[in-house]
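You will see two complexes here that share chain A, one where it goes with chain B and one where it goes with chain C.
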Partner chain A sequence: MEGNYIDRLKTKFKREKTKNLLFYIVILAFPISQFLVFYVGVNFNSILLAFRGYDIDQGKFYWNGLDNFVKVFNDFQDMALFEIAFKNSIIAFMFGLLFGILFGLLFSYYIYKKLFGHKLFKVVLFIPSIVSSIVMVTIFMQFVESGIPNIIEQIFNIRIMGLLANSDLTFTTILFYNVWIGFGVSTLLYVGAMNSINISIIESAQIDGVNTIQEFRHIIMPLIWPTFTQFVVVSVGAIFMNQLSLYAFYGQGAEVRLYSFGYFLYKEVIVAANVDLPYLATIGIILTFITVPITLVIKWALQKYGPSTE
Partner chain B sequence: MIKNIFKKNSKYSLLTIVIMIILIGYTVSLIYPLLWGFITSFKGTLDYISNPIGLPQKLAFENYMTAYQYFYLTVENGANTEYIYIEEMIMNSLLYSVGGAFFATFTAAITAYATARFKYAFSKVVYWIVIVTMILPIVGNLPSEIQVTKALGLYDSIFGLFVLKANFLGLYYLVFYAMFKAIPKDYEDAAKIDGASNFQIFFRIMLPMAKKIFFTIMLIQFITFWNDYQTPLLYLPTKPTLAVGLFNYSTSTINAISSTPVKLAGALMVFIPIFIVFIFTQKRLMGGMQMGGLKE
Partner chain C sequence: MKKIGLFMIMLLTILTLAACNIDRIGEDEDADLGKTQLYIGNFDGGYGDEWLEKVKVRFEEKYKDVSFEEGKKGVQVIIRNSKNFVGVTLQNEIQGLQQDVFFTESVYYYDFVNQGLLLDISDVVEQPLNYEFIDGVENTETETLSIEDKMRQGHIDFLKTPDEAYYGLPFYEANYALIYDVDLFEDELLYFAKDGLGNSFGFITDLEMERSPGPDGDPETIYDNGLPATYEDFFKLADYMVRKNIVPITWAGNVQNYVSSLLTSFWTDFEGREQMMLNYTFDGTAENIVTGFNGDTPVVEAKEITTENGYLTYGNQLGRYHALSFLEQLLANPSYYNSSLVFSPAQTHRDAQDSFLSGKYLSNNDTIGMLIDGTWWQNESGNVFDALEQAYGSDASKENRRFAVMPIPKVDENHLGEYTVYEANFSMAFVNANIDEWKQPLAKAFMQFVHTNESLVEFTKTTNTFRPFEYEMEQNDIDELTPWGQSLYHLHENASYVTPYAYNEVYLKNISTYANELDIWNALVNGDSIYNIPSTAMFNDDVTAKAYFDGLQRFWNKTYWEDRI
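Here is the complex of A and B:
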């Protein structure tokens, strides 16, 4: 009798486990298949593409060993375009790191402290995140190209060129634009991280007489360091993906001196035929191999040498 | 005034005053061009040239009519050339944004639910896949992605984009994961005693509990997809969205839409609907998203 009961319990438990497993498999079937095809498959195919060529006459891909790599490395040496794209990508990253992250942190601190106008500033900082980049670029472009010169002429009676038309200022204006529109999400996440700091830590520091700079540097920064690290790591990882909004500004027609790798790859892929895909995939692989170790080293360094919360 | 602020409130210091000044400068630099763009879009061309800063002498609503009239593009569909007008672009945008946002959010939610609530070893693997892919940068896999999409017959199909976008990787998985992980097991046990199946528990208990987060993430995704012009430009050559239409419009050299006021009218025509959505949902949108979860 008791044995039967235990057997029934065992069967029920086993059935429950099978049901759970079945549910688990069914519910994860699509997400995992999607991941296997569009992440693992796509990236694996990217590696394969880098070792292939395309026969236009036969309409087929064929293996061509390291030919693509040789061509890309030769082009890296011979074509100014790649040197420019490399340099611009690095400058954009440094500019973003210096101004974007620094001001993002300071703005977040201000909002966190709930100082004068913090609600308004929070909304204003977020506006560029909800506006289409094409709308932002159109308004910005018309403003700096037509608005500012017209306004200056009317007020000072001086004719100046548009900021983008003036070749000395084009790249700086584009760098400024990218930082200018980029505070929304980072501010939200930094403020979120700051709000999760235990208020008693801040209060006890204030009793000890710390000023705002000390509070920001010695309390806030160490405690939000994981969020900060995540941002820097993501920015480093995106060095060669940053398009600098050039496609929104110029479509296919940006001047070579403004190129970043992100822009170059996107603009080429848009018009690429099968024959171009292996070459572009090879550039992607090479840039990934450059970026991955840098990203991992920076992540490690930020974690190891970041401020202590002790 | 500054002295008074210093005296009255110790929260203000030289640092916070400097930040305040920069923030005021930033606000002016952002709001002024938007306002200038809005006002200019109602000016006649001559009015704008003679009066680039002030209010319009006469409201030129015809700028919006011209923008509406020229807001089209041509696409090559096989041997035919088709004209796509704004109404069709709005439909494509709605389909892509609502569908894409729903599938992307739902995929993140179900994956997070399964891996947060079921203690199989594979759940840990999925969690670490998300963490690693967030750190590991993959540059330039677009050529391969296009090839795979074409091979699977998902190219130039809005449904294909739903599939492409419905992945669980990224921050939103972690937000759902933290949320589902925090729900006590008692809810599940009580439902099981009442005879609920796993599907019923998920759809009738867990998902309703996550509906605020679900809605917020879907809203963010909706805005992202609505504004996204690069993905449809690449993957939907014959089904342009409004954002693609605006891209085409803003780079167009047609004489009738080359003036600054008409260009701005076209841009604002696309901007205003999403701005209205933002005004009504800004509290939810900015309600305190965190890397590890959302504050309720």
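Here is the complex of A and C:
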């Protein structure tokens, strides 16, 4: 009798387990298939494309070994466009790293400390991240092209060109815009990390007499270091993907002097004929080969030499 | 505080949604289950869909008693307009789309063909227009010409595949142009007078005064009489406008490539069709290859152009130098344009149209004489016309205000004559290959119907633009066009058109470069500074026409070319 009961329990348990497994499979099947098709499949196809050419007459792709790589390397050496795109991508990264992360940390700390107007500050910083990029770019363009010149004219009675129209300021203005719209996400992450710090640690440090700068440097930074590392690593990984919102500003028609690799690839891909795809896929792979080791080294260095929480 | 927060969130949501390019899914008309549906995809661009709505009414009426499916009678044409029905996006999605027939642009025809995305419509193109696809017989009521008979040779050469099949037809005829305000020109007497007449500046003193013969040099062709015949005339006109407190010209700061495309129009007009086509066919003698400069005067030689040296036309064709010289002269005088607008990315093409149209009514705005835009501009700026009409009455309406296309001025008096126009945008009409076999005759009948003389004329009367076919317009049809449409009519009838397509390996390998028109102005100026937009190069960095032209030669060099052939 008791044995039957245990058997029934075992069967029931097995049935439950099978049901749970089935549920689990059903739930995961869709996202996993999506991942396989739209990430693995697409990227795998891109990798294959880099070793293929396109036969104009037959309208078919064929294997052409490393021809695309030779062509891209030749173009890297010969074409000034790539030099500009490379330089601008690096400048944008450095600018973002320096100002984006620095001010992102400071703003986050300000909000974390709940100083005057911190709620408003949080909303203002986060708005650009939730509003459509086209709307933000339009508002920003109107501000720098009409608003600022009008303000200057009102105050100093001087008529100046808009900041984007003035070629000396165009790139800097675009860099500023990109850092500014990036504050929302960085602030959210940093404030989240800061809020997760055990309050007793902060209180004990305050009892020990730390001032605000010491608290930030010796307590907050070490404790949010994993978040900081993650942020820097993601930024490094996206060096050549950052299109600097140029498409939102200029569509296809940005001047070459403003190009980043991200913009170049984006604008080329959306108008690419079949014959162009292998070349663009090759550029993507080469840039990945450049980015991956740099990203891994920086990740390793930040983890190894970052501040200790001890 | 919470209410304010909620309000902010709602506002942001509305702003975000407003910016989204949401196709009007669900806004298609409901399917009438008693009829067979034919789905049309129309690129939501400058030509609108009013012309298609008119075709729909007539097509549905024609086949109202015909059964295409068992248990159904008649046809219902359902039109969807979308900004996604274009170019590579459409190429990637077309197989999964419901639409049977498309009217679109930026199409890489042979990519579509090679991927099997388009239905073979050779019979539509080659059969006379009185052939009934539904019954498979000829009728006696309609035209005996075929669509092919109405096509330009350039389109036939490109669209007819090596296996002698057609998969698409050109959709619209467009080019980048100088658009001028006829009312303003008449009010301010901005037309050149015939030699010996006019005021001390050479302009007419009253509207009845005889005008100069215009850029074609022929006083009989009155549509261009009084307009600047040469570059020199153009700048005389610009100076005269400035004296009258008129800003001569504007364009969209956000799309400087409109200026580049206008330069291509200048280049084309100088070279003529035969010479210009060498840039695509690479087969023939180029008469105007610049080999150097004698002071500021280009030294020109004739060269045989083949696929091996095709870069010579891109780098060295004289027409490019003249086009750049025109631009240099235009930008050299800041009173000809408002630099804070025409070089500001905040001024979109719609804003430029707005300024051009509203200057007449708003005292704070500049009065502007000319606009650089595509020939579809008037349809595109319909809402500005509507707003002005509401504010200032019917005189401000699209129907009552008068604009015209200004023929490209010639480089000098020795080059007066025929106009040559560069067709832009790779527009195309085709049938989706995924259409059910039983429905194919219906789609073909629709394609045929759209290309009857009646439909072509109706398109023109509706959009005040043309389709790139030869078709007959009665005088009363022409009279119904706006002055804008009438000015395009003269071009359509009298100009020679460059269809920038060719079927050869070099062309097809570089088709995205040709199609997008931006890369063809790439130049390596003063050593290694790369520029892609002549207007900003000249304005920002004082690059001269000669330096830019030299830069084109440096960019379009032998090594670069060999990598691409």
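Please note the rule applied: the second predicted complex is superposed on the first by the 288 of 310 C-alpha atoms of A that agree within 3 Å, B and C clash if a C-alpha of one lies under 4 Å from a C-alpha of the other, contacts with A are read in each partner's own complex, and residues count from 1 in each chain.
Just so we're on the same page, a contact is a pair of C-beta atoms (placed from the backbone, for glycine too) under 8 Å apart; a residue touches a chain by one contact, two chains touch by 3 or more.
This structure is a prediction, so every number in the text was calculated from the model and none was measured.
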| item | value |
| --- | --- |
| Superposed partners chain B and chain C on chain A - clash or fit | clash |
| Touched partner set for A:69, first chain B, second chain C, both or neither | neither |
| Which superposed partner A:266 touches (first chain B, second chain C, both, neither) | first |
| Chain B versus chain C as contact partner of A:84, first or second or both or neither | second |
| First (chain B), second (chain C), both or neither touched by A:161 | second |
| Partner chain(s) touched by A:251 [first = chain B, second = chain C, both, neither] | both |
| Chain B versus chain C as contact partner of A:142, first or second or both or neither | both |
| Partner chain(s) touched by A:106 [first = chain B, second = chain C, both, neither] | first |
| Greater chain A contact set [chain C / chain B] | B |
| Which superposed partner A:132 touches (first chain B, second chain C, both, neither) | both |
| Chain B versus chain C as contact partner of A:283, first or second or both or neither | first |
| Common interface residues of chain A - those touching chain B in one complex and chain C in the other | 123, 127, 130-132, 134-135, 138, 141-142, 146, 250-251, 270, 272, 276 |
| Touching residues (chain side chain A, partner chain B) in the complex | 19-21, 23-24, 27-28, 30-32, 34-35, 37-39, 41-43, 45-46, 49, 103, 106-107, 109-110, 113, 115-117, 120-135, 137-143, 146-147, 150-151, 154, 180, 183, 188-189, 191-193, 195-196, 206, 211-213, 216, 226-227, 230, 233-234, 236-241, 247-248, 250-251, 261, 265-266, 269-270, 272, 276-278, 280-281, 283-285, 287-288, 291-292, 295-296, 299 |
| Residues of chain A defined as touching chain C within the complex | 56-60, 71, 74-75, 78-81, 84, 123, 127, 130-132, 134-135, 138, 141-142, 144-146, 149, 159, 161-162, 164-165, 167, 249-253, 255-257, 268, 270-276 |
| Residue ranges of chain C in contact with chain A within the complex | 5, 8, 12, 15-16, 18-20, 87-89, 106, 108, 110-111, 113-115, 162, 253-257, 339-340, 343-347, 505, 508-509, 511-512, 515-516, 518, 522, 524, 528-533, 536, 539-541, 559-560, 563 |
| Touching residues on chain B, where the partner in the complex is chain A | 5, 10-13, 15-16, 19-20, 22-24, 26-27, 29-31, 33-34, 36-37, 40, 49, 52-53, 107, 110-111, 113-115, 118, 120, 122, 126, 129, 133-148, 152, 163-164, 166-169, 197-199, 202, 223, 226-227, 229-230, 233-234, 243, 246-247, 250-251, 260, 263-264, 266-268, 270-271, 274-275, 277-278, 282, 285-286, 288-291, 295 |
